[in-house]
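One chain, chain A, appears in both complexes that follow, with chain B as partner in the first and chain C in the second.
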Partner chain A sequence: MATARPVVSIYNFENPSEKTGTMPMPVVLQSPLRPDLVREVHRDMAKNKRQAYAVKPKAGYDTAAESWCTGRAVARIPRAPGGGTHRAGQAAFGNQARGGGMFNPTTIWRRWHRRVNVTKKRHAVACALAASALPPLVMARGHKINQVAELPLVVSDGIQSLTKTKQAKEALKKLGCGEELQKVIDSKSIRAGQGKARNRRYVKRLGPLVIYNEDNGITRAMRNIPGVECAHVDRLNLLRLAPGGSFGRFVIFTEGAFKKLSDIYGTLKSGAPKKKGYTLPRAAMANADLARIINSTEVQSVLRPKMERYTHGIKRNALKSKELMEELNPGSTERRAVHLKSSQKGTPEYDEVQKKKKARIEESKKYNKEHKKGDETFYKTLMKAFEAKAAADAAKKAAEKAEDEEDEE
Partner chain B sequence: MAERYAISKVNVPEGAAVPELVKMKMEKEEKLAEEKKQALAAKQKAREEERAKLKERTVAYEKEYADTAAELVKLRREAKLNGNFFVEPEAKLIFVVRIAGIMKMSPKPRKVLQLLRLKQLHNGVFLKVNKPILNMLKLVQPYVTYGYPSLKTVRELIYKRGFGKVSKQRIPLSSNDIISDALGKHGIHGMEDIIHEIYTVGPNFKQVSNFLWPFKLSSPKGGFVNKRHGYCEARGGDWGNREELINELLGRMN
Partner chain C sequence: MHNDETIWACLGENGFCSFKVRWKEPKQDFCRNPYNVNGLCNKMSCPLANSQYATIIEEEGINYLYMKTVERAHSPKNLWERVKLSRNFLQALEQISKHLEFWPDRVINRCKQRLTKMRQMLIRMRKLSLKGGTKLVPIKKKTEKREATRELKAESAAKVDLAIERELLERLKQGTYGDIYNFPKKNFDSVMEKEDEEQELQDEDESDMEFVEDLGEDDEEWEDIDNKVEEVEVEGDLGMNDLEEVSLPARKKRRGKVEVEYEHEIDTR
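Now for the complex of A and B:
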């Protein structure tokens, strides 16, 4: 926002197609835009004009009701005493009872008002003024400013001396506010809700806010034009500059008022002459163009390059995918091919395998011939020992039998 | 690192005025693209060298496996021939699978299972056989089944269900680069290196086994016999040491 201040043209109030002069834009109108701040301050300020409401203190409790307690086949809620009338024995006091008090009765000592820090309020006003100088924001708020020559719209001081409403209306129309004023007239409708029965029957849109320095009749001229409001530059109200908490009100300044803005608010360096101890709000970022900052050489030169992300994809099984197996185990395909070849007749690998097999079988036969024939084999030696024992047992048995026979004889 | 630069193409319509920022970006991207190309070429060359070396090592490993097997056969035959007994070498490698769920687990076995990284049902890890490990397994006997995996089992587990721990994430072993980056300093650059280190329980077994995320196996097709009882019990069961027969179970769980 620290650019050279633009120059604003001042329009002749009688003949708005000609300009009577120029003026540099006051620094207020270049304050940083803080919709959150304006919303917050507006919310709290708007609460300050409230009137208290509450139910009567004794509402629902103005009976001598007492609970009948247990034993009478009725609920234990307090009941109105006496007899001879419908009211007798009816429930009372509870919020559930007919004619009883409400739950948590509204009170007049509810905290209706809010205090807002003075600096905050001033910042909010500065912010709202700045927003009123930006066509997109004013249009976004809903004002019809297509025919308006320039924003901020500054008119020569003569407009402050208008006394007739008709003249004021003419002047505004010539300035390009015709569409805006028509919008207000067209928007008059009956309020939705109970307000219509409470002396707030009609609602309509808001039109331009005329900010003046010296009231030589302008307020009375403008006050009957639907939608138009007037404000003295010394006493700017956030509730009018940002109605409903949304900034960007269509504002028409008089020359004197516009000049006085600089006198009231001053600059960031000088502070505000007319507001003790106050300086206009500063922006949180001097340069808010993030794209430019990020892509500047100062920043980019110390960044490491952007890297591709690691993606691992779906895990494949190397035991099933020959491609993956070759990737993980280089040479596996050719080894496998060689291995397969060895089972195909006619290939040298096959012959090699067959040769080895033959050699193995030969060896085995030789070994068997050497070690597994004859009488010294494991089995034969085992059986020999067995036979020896069997022979010894048989001999012993025969000897015993012979003895027995002898004994018998 | 330069091979991972993300280069974005800027589409400039013909004859259009190029904004200042876009121009700056284009120049920057051009320079990075150049660096990236060179880095990729260097990486490709390094990769080919690595692959050639890995191929040689793999052939050497296969020969080693065949030789050790043949040696054992020879010794067995020799012993029989001489009427001696051949004492089979004790297993060096164990594969442990968690059989029990997580509910109602006593604190001590629970802690031991955590230490062994068996935090979930049917999780499996490779372990080295030594006194401390055997003592730990004794504590968690009824909750695990374990045995001595064969080379085939080790290969199949690592190829099918091998995931690595890369910056605390469980990354599939879909490329030898992942292995090389993590275990390169221990001389392990590929799948076959891992398999060799695990199967032969080499000097870097601890690092390799820890790099491998605990295997998440399926429930065995055909079922368990009875998880409540021990494998060695007469009435039939599943927990405890089932030595060589772990391979049959893993064949159904992998």
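Now for the complex of A and C:
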């Protein structure tokens, strides 16, 4: 909001190349841009001019039809009574019957209109006005404003006193609206659809909206210029400011009207003098330029240094990578080298190993000679266990045999 | 308020912009704004959503560098500043670098790329115009059909054969073919008689409508023929060249009478 221009030039309507003065920018035109809000409010507001349409209440049911019930080899749908005409016995009622009513007949008590909160409507208008002050948005909406000197375009009050259409057209052309007016004229075409037979035969684009304060002939003068619409500042309509729900209409203000905007809407602090209890919408962010904020020194200076994420390299397998193995298990390479060498005859490592082996065998033999003699030998100890078991088995058998003999007896 | 970010939010992906063209397959957004540097619709290349922007635009074979800055953002009339670029490519590139000296590198690069593209396009245009090339004209079925039918009708109405026949006979009678053709006498005479009959019929019709007074004239005409006959003889005596045949004297229209033709041979002495 603080980034807006403080002052707007006023152009002389007779000679638009000269400026007659300047005026401070009203706060309304700095309202936050809310395309979603405008769309929503427009959607609902647009429904309010609708006229009801419906099928006749009795449509399709204006017969004394009764079902023939079962037993007559016909479907049970209600049928028209009587005789003597084709109509007798024909199906009636129901959407499937010829001449019957429709499914879910349209009714006049459909909820045609929508109510919109007053504040919401006012916010939408403020937003739409703000959008009309921004050239990119007006261009994006489709208006040809390449020759317009400034946006918002404010013209001296003299234009309000114009009575002749010719003069008005000249004035507009001098203000740079020639391209825009031509666009409207070129765009006139026959409407597609039934509307052409319903008194809505032609369609054309919209041109500028002239907002005035005092009507001294301007409405009549501008009335017949294709595409041009007039509106009084006090009675601004969202349906004109944001046609089709898209804001950014090309708007031409008269000096008086522009001044009055400040009188109507006031500022954020003061509230709107002419709209009771209403204050202009506040932006969610005072400065919406996110990139700028993030990159500003105020923010950057307070940030901690960027966290370096540890990115794992490729996982290495210690069993395959000798370097990694050495890292994890120091000395392993040496040991491995020795181990390899020890199987090669003639190396000192080999001799070392053989020496150890010999010593070990000697020890073992010595021990065996000392301790394992007589009954302590391996074989003897083995058989001892076997004998014990054999004896146990024999005893068991004898016992069984004795039993058998007793039984026999 | 006049924030590039907010404006892009209104225009961009989920917003509305009259210059935006959306393709679904492949998924691509284009920008129809004439000032767009690469024709795509994204935040970087949107001429509306960037208050500082530069493009190259070609007008009648000359490339211009267009620039816009925030300071003039409120005034559409004076928005774009333009610099005429040199026709020399390298010099033009230097011009771009100079004018966009403190601008982001990407902008400079994009402008230079666009300049290259423009120049290539112009080269191609010049080559094509030299070639001439074929202009494709569509075949309009309806028109073709209609014209063909009309041609046939016109042809049959014109009765070309008859006209040719008539013309040829005329020429024959006049003698433009001289001695070239030898027609069998019988057929020739019959055709001639037919012609005469036709003419006589015509004449008779006329005579019905007209007068009886002219009997006197016949004598005069007869006299004339005698004179002519004599003249011919005289000329022959004077020593005309070898003319074995004299072209048939001009026939005068006789009413109801049989024409007598004399063919005189001229002796060459």
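One rule holds for everything that comes next: the second predicted complex is superposed on the first by the 288 of 409 C-alpha atoms of A that agree within 3 Å, B and C clash if a C-alpha of one lies under 4 Å from a C-alpha of the other, contacts with A are read in each partner's own complex, and residues count from 1 in each chain.
By definition in this document, a residue touches a chain if its C-beta (ideal position, glycine included) is under 8 Å from a C-beta of that chain, and two chains touch if they have at least 3 such contacts.
This one's a predicted model, so the numbers in the text were calculated from it and none came from an experiment.
Colleague: With both complexes superposed on chain A, which partner does A:291 reach: first (chain B), second (chain C), both or neither?
Modeller: both
Colleague: One more residue to check, A:115. First (chain B), second (chain C), both or neither?
Modeller: In the superposition, A:115 contacts neither chain B nor chain C.
Colleague: Once chain A of both complexes is superposed, is A:35 in touch with chain B (first), chain C (second), both, or neither?
Modeller: second
Colleague: Is A:139 touching anything from chain B or chain C once the two structures are fitted on A? First, second, both or neither.
Modeller: Touch status of A:139: second partner only.
Colleague: Go through the superposed model and pick first if A:269 touches only chain B, second if only chain C, both, or neither.
Modeller: A:269 sits against neither chain B nor chain C.
Colleague: Once the structures are superposed on A, label A:149 by its partner contacts, choosing first (chain B), second (chain C), both or neither.
Modeller: second
Colleague: Applying the document's definition of touch, where does A:198 land relative to chain B and chain C: first, second, both, or neither?
Modeller: After superposing on A, A:198 lies clear of both chain B and chain C.
Colleague: After the superposition on A, what does A:5 contact: first (chain B), second (chain C), both or neither?
Modeller: A:5: touches chain C, not chain B.
Colleague: If you lay the two complexes on top of each other, which residues of chain A touch chain B in one and chain C in the other?
Modeller: The overlap between the chain B and chain C interfaces on chain A comprises residues 291.
Colleague: Name, in rising order, each residue of chain A that touches chain C in their complex.
Modeller: Interface residues on the chain A side: 1, 3-5, 30, 32-33, 35, 130-131, 134-137, 139-142, 145-151, 176, 246, 287-291.
Colleague: Spell out the residues on chain A that touch chain B in their complex, using ranges where they run on.
Modeller: Listed in rising order, the residues are 291-292, 295, 297, 300, 305-308, 312-313, 315-319, 324-325, 327-332, 335, 371.
Colleague: If we count contacts the way the header does, which residues on chain B are in touch with chain A in the complex?
Modeller: That would be residues 1-2, 4-6, 8, 21, 24-25, 28, 32, 51-52, 54-55, 58-59, 81, 156, 159-160, 163, 171-176, 190-192 of chain B.
Colleague: What residues of chain C sit close enough to touch chain A in their complex?
Modeller: Listed in rising order, the residues are 1-7, 9-11, 15-19, 48-49, 73-79.
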